[in-house]
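What follows is chain A paired twice: with chain B in the first complex and chain C in the second.
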Partner chain A sequence: MTHFARRLRRDVPALAGLVTLVLVGAIALAAPWLYPGDPQDMVARPLIWPFQDAALPLGTDRLGRDLAAGLAHGARVSLLVGFAAAAAAVLVGVTVGCLAGWFGGLVDDSLMRVTDAVQTVPGFVLALALVAVMGPGVGTVILAIAVSSWTGTARVVRAEVSSWRERDLVAACRVMGMGSGEILIRQILPNIASPVIVLASVVVAVAILVESALSFLGLGDPALVSWGSMIAEGRGLLRRAWFVAAVPGVAIIITVVSVSLAGEAVTAALDPRDRQ
Partner chain B sequence: MTPLLQLDTVTKAWRTPAGLVQAVRGVSLAVQAGETVALVGESGCGKSTLARLALRLTPVDAGRILFDGQDITHASERALTAIRPRLQMVFQDASAALNPRRTIGQAIDDPLRVHGRPNRAARVQALLGEVGLDASLASRFPHEVSGGQRQRVGIARALALDPAVVIADEPVSALDVSVRAQVINLMSSLARQRGLAMVFIGHDLAVVRHLADRIAVMHLGEIVEAAPRQRFWSQAAHPYSQALIASVPAATPAAARARGPAPLAGDLPSPLAPPPGCSFHTRCPRAIATCQHQSPPLIRLAPDHTARCHLLTHPVLDAAASTGHR
Partner chain C sequence: MAGSPGTGSRGLGSFLAAAWPVIRRRLLLALPVLLLVACGTFGLLHLAPGDAVDAMVIAGGGGDAALASELRARYGLDQPLLVQLSLYLLRLLQFDFGVSPVHNRPVLALITERLPISLLLMLTATAFAVSLGVVLGVSAAAAAGRWRDRLILAAALVIYAMPSFWVGLMLILVFAVTLGWLPVGGFETAASGLSGMARVLDIARHLILPTLALALLFVSVHLRLMRAGMLDLAGADFVRMARAKGVPRRRVLWAHLARNAVLPVIAMVGVQASTLLGGAVVIESVFSLPGLGRLAYDSVVARDLATLMGLVVVSAVIVLTVTLVVDLVMAALDPRVRLR
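The block that comes next holds the complex of A and B.
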């Protein structure tokens, strides 16, 4: 753990990403205490610009709702969707990739053809179709994003596993009588964690963007504030009050960038070769 | 006495885009308890494939593999679990055979854990001591120690389960010349102390010179000669063995001059299309007409000395050919 801290001190962008992400996470968790009550409630007159009123630092939207409260509550949805979808996608992707790469042959061929098929459908269109069929809701959005984003992980994991399978390490494990499951999980997976984590951080970022896009189109969970739905609210006011769309937009940008940077920090932390 | 490890006319061909590679062609080899057999041959002659076949890492095309009298040619992975601890392997490149994400202590502990052995921590310490490594290295990662130390870790891991046979596939080829002798001495003294049988695979006769009880020479997937060490050095019968002996570096320039130029020309023929007849005839300085179309039989020159060469059944021609050559 100490070498991780030391490494981070040298890598300022990774540190910044990690700190920002932790901060966004803390705000999301603390939202019910920071801004009790429904963020959809009208609390002041409409369209107060940011930094005008100390009680409403980010101003209000067209209906007089506190943008800061919306942002904090929206972070819950964005992060939940982002991380849950990424976790599900990585789990499916790693499982499919491991099976295809390890067993090869017919298993590999059939799993990879399914992967090809899913990959040919544009992710956002697939998510859109699923949400349209199953109706809006956080669970549906998570599922829709997960279904369309596990393929990249599956491909990378398959390539890595089939390359590791041929190395002497695996021969050595088999000579000592280790079973396939243990060789895969204990010996190979830790070695391919780096690309998987980098991919996972990309999936988190993409999931946050897709969720925003779905909410922007009105296909998010109508009961919840999300950054995407806030941007949709501000769309009609871009000329008069651009900040209504810009505030959640900047939040999305900051979160997505910090997720990517934090992914690199975690990768570096896991590599024992970096211990100096 | 039943040999501990016995290969009986084992054959293996690899399917490649270029065609069928005849890696191992009807090899028979028996290893008795406690003896060290050196398997020598050039790169690509099928030595490593043979090691993988013997360890059941690769399925055999034809032939049989027996361990302690038990046929394991087609034994299931489950049935092999009982055999595995007694038949271990040391790999050529320890950095490829050790997990870069696991410490040296974990690497040596792995076989003990898989087989549920007791007192694992103490065993790991004892094994490190046995291969001449400091106990403090247990917490290091493989990339943090030298190549020689890494190979010692590989040896310790192979010894962890107290095997009866260790197959070492070119265990010193990846090492600096300066540490080769140390690792070879370590292996030979461990084999002696533990009464281990060892199959030592190498491409360099000089390396196995002092280590082996018996030497088997492989050429293009076949064992062309096998003999006890002393007999091999003094009475090697196959022209290929003689060429290999002649290519061992001489100790003094005078000795090198006395021996004359190395008699072996050309590369190993392609295993995709082995030459008809004797696989060595394309490079053999003493080849006769028969060699080009007829595969030589296995000839027993002594109870423990065999060779595959037509010259041995054509003694007159042999003499004529060799005088003509000189």
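The block that comes next holds the complex of A and C.
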């Protein structure tokens, strides 16, 4: 822990990213207390510009809804979808990568052809197809993003595992009588954690962006406010009140940048080679 | 010989012969991929509640059960699943993607009508992203560690985090709504009666903003790759040799370093082909461009699964084709690829 803190103090951008991400997370968790009630309710006169009214710091939209309340509640959807989809994608990716890299041969070939196929279909087109088949909803969005984003992790883990398989460490473990599962999980996985975490942070960032695009197109969960649906709300107002579309976009950018920076921070902290 | 009509084609012919191993490897990889994608779309169609006949009956405003079962027999929908899968694959082999119950037209016709617009947008965005990415990457690498480098890297980080549809809206806000320089959307001015060069210019004006919005993400990817490639090669023997010979700094940077560092960037264009096509889907709906993206969006809203699955298969074909083209470009630029 002290090592982590020491590294972070040197790396200001990573620290800033981590702090911002924690802050966005705190706002998301606290949204029901910060802004009780439905963020879809009208609270004031429509189209109040930001910084005009102290009670409504970010102004209101076409229906007089508080933009700040929308952002806070939208953060819940963005972060939930981002982290849940990434967790599922990384889990599938690590499993597929381990199986393909460890067993090689036919298992490897068939798993890699499936990976090729999923990677060949544009993730967003695949997500659209899944939404059309399953109907819109948070669960569909999470599944759609997870299905299209596990492939990168699978490839990296496969390459790492197949290179580790040939090393002395694994031979030594075998002599000690360890089984495949134990070697994979207790010996190899900890050693390849840092590229996996870099990838995981990229997957979270992409998942947040894909969720916003789906809900911008009106294909997210119709019952929930999300940053993408708020931007869609502002689309028709560019001429009269551009801030309605601009503000949620800035929230997405801040969150995604801080996810990327925080990913670097966690990687640096976990890298055992860097530890003295 | 130079300038004689035969030279070009014979040159291309011998190049293709030399690059044949590259082409063959790609085609061999493409076959199982397409088969799996087709099986995937078949599975998705079966997961969905209702089948193609239900969709037709609903689109036709309801119908009787006898007609529905007759249609099912005609399309083989009453057969066992494995037979249906083989029938489906056979139809795909003949480029038969079925009929869209919403448009009441063959899916293939719907797709081929809209394909050129999406391909054009992907092409302009790639050209822009690669050129700007290369220039910024070289510029950052030349100032490695100094403020210009840091500024470019910070910009890359922020650009990567911007949702492309939001960038599109902000570009519309600035250049179309506020300044009035460029059109808000569409592929060309409706009923303008323009032809020839005037029409080309009109289309180009309509494509500027969508191209920018789609390309920005890839500018960020390419510039980081270019910068890393330049820094990797900076200590290579041929670069030190050039410096020792007294080749001017700028020339070393562009003629020696950049020419080699650009190869991974071009390879990246192939890797990113599927992300690019996915991005085009969103951008087309922001700028009301009547391409594949619009078709995909309309199909989701209308639950037109036949068209949507056709789009999934066609986009896989597009991505595979782009990868093959990028491989050939790599083989043309880098003899090592041909010899591999």
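Note that in this section the second predicted complex is superposed on the first by the 275 of 276 C-alpha atoms of A that agree within 3 Å, B and C clash if a C-alpha of one lies under 4 Å from a C-alpha of the other, contacts with A are read in each partner's own complex, and residues count from 1 in each chain.
One rule holds for everything that comes next: contacts are C-beta pairs under 8 Å (C-beta built on N, C-alpha and C of every residue); 3 or more make two chains touch, one makes a residue touch a chain.
Just so we're clear, the structure is a prediction, and the values are computed from it rather than from any experiment.
Novice: Aligned on chain A, chain B and chain C: do they clash or fit?
Specialist: fit
Novice: Tell me the contact category for A:Arg10 with respect to chain B and chain C: first, second, both or neither.
Specialist: A:Arg10 sits against neither chain B nor chain C.
Novice: By the touch definition at the top of the document, which applies to A:Leu128: first (chain B), second (chain C), both, or neither?
Specialist: Touch partner of A:Leu128: chain C, not chain B.
Novice: With the two structures laid over each other on chain A, which partner does A:Ala172 touch: chain B (first), chain C (second), both, or neither?
Specialist: First partner only.
Novice: For A:Arg235, decide between first (touching chain B), second (touching chain C), both and neither.
Specialist: Only chain C; A:Arg235 stays clear of chain B.
Novice: Check the contacts made with chain A and report whether chain B or chain C touches more of its residues.
Specialist: Of chain B and chain C, the partner in contact with more residues of chain A is C.
Novice: Touching A:Arg113 in the superposition: chain B (first), chain C (second), both, neither?
Specialist: It touches chain C, and chain B stays clear.
Novice: In the combined three-chain arrangement, what's the angle at chain A toward chain B and chain C (CA centres, steps of 10°)?
Specialist: 90
Novice: Using the touch definition from the top, say if A:Ser260 reaches chain B (first), chain C (second), both or neither.
Specialist: A:Ser260 contacts chain C only, not chain B.
Novice: Given the touch rule stated above, what does A:Ala245 touch, chain B (first), chain C (second), both, or neither?
Specialist: second
Novice: When the two complexes are placed on top of each other via chain A, what is the minimal CA separation of chain B and chain C in Å?
Specialist: It is 14 Å, taken between the nearest C-alpha atoms.
Novice: What residues on chain B touch chain A, complex-wise?
Specialist: 52, 55, 57, 77, 80-81, 84-85, 87-89, 91-93, 96-102, 110-111, 114-115, 141, 143-144, 154, 157, 160-161
Novice: Could you list, by residue number, the parts of chain A that touch chain C in their complex?
Specialist: Residue list for chain A touching chain C: 113-114, 116-117, 119-126, 128-134, 205, 209, 212-213, 216-219, 228, 231, 234-235, 238-239, 242, 245-246, 249, 252-257, 260-261.
Novice: Name, in rising order, each residue of chain A that touches chain B in their complex.
Specialist: 167-169, 171-179, 182, 187, 190-191, 272-273, 275
Novice: Once bound in the complex, which stretches of chain C touch chain A?
Specialist: For chain C paired with chain A, touching residues are 29, 32-33, 36-37, 40-41, 44-45, 47-48, 157-158, 160-166, 169-170, 172-173, 177, 274-275, 277-279, 281-282, 285, 296-297, 299-301, 303, 305, 308-309, 311-312, 315-316, 319-320.
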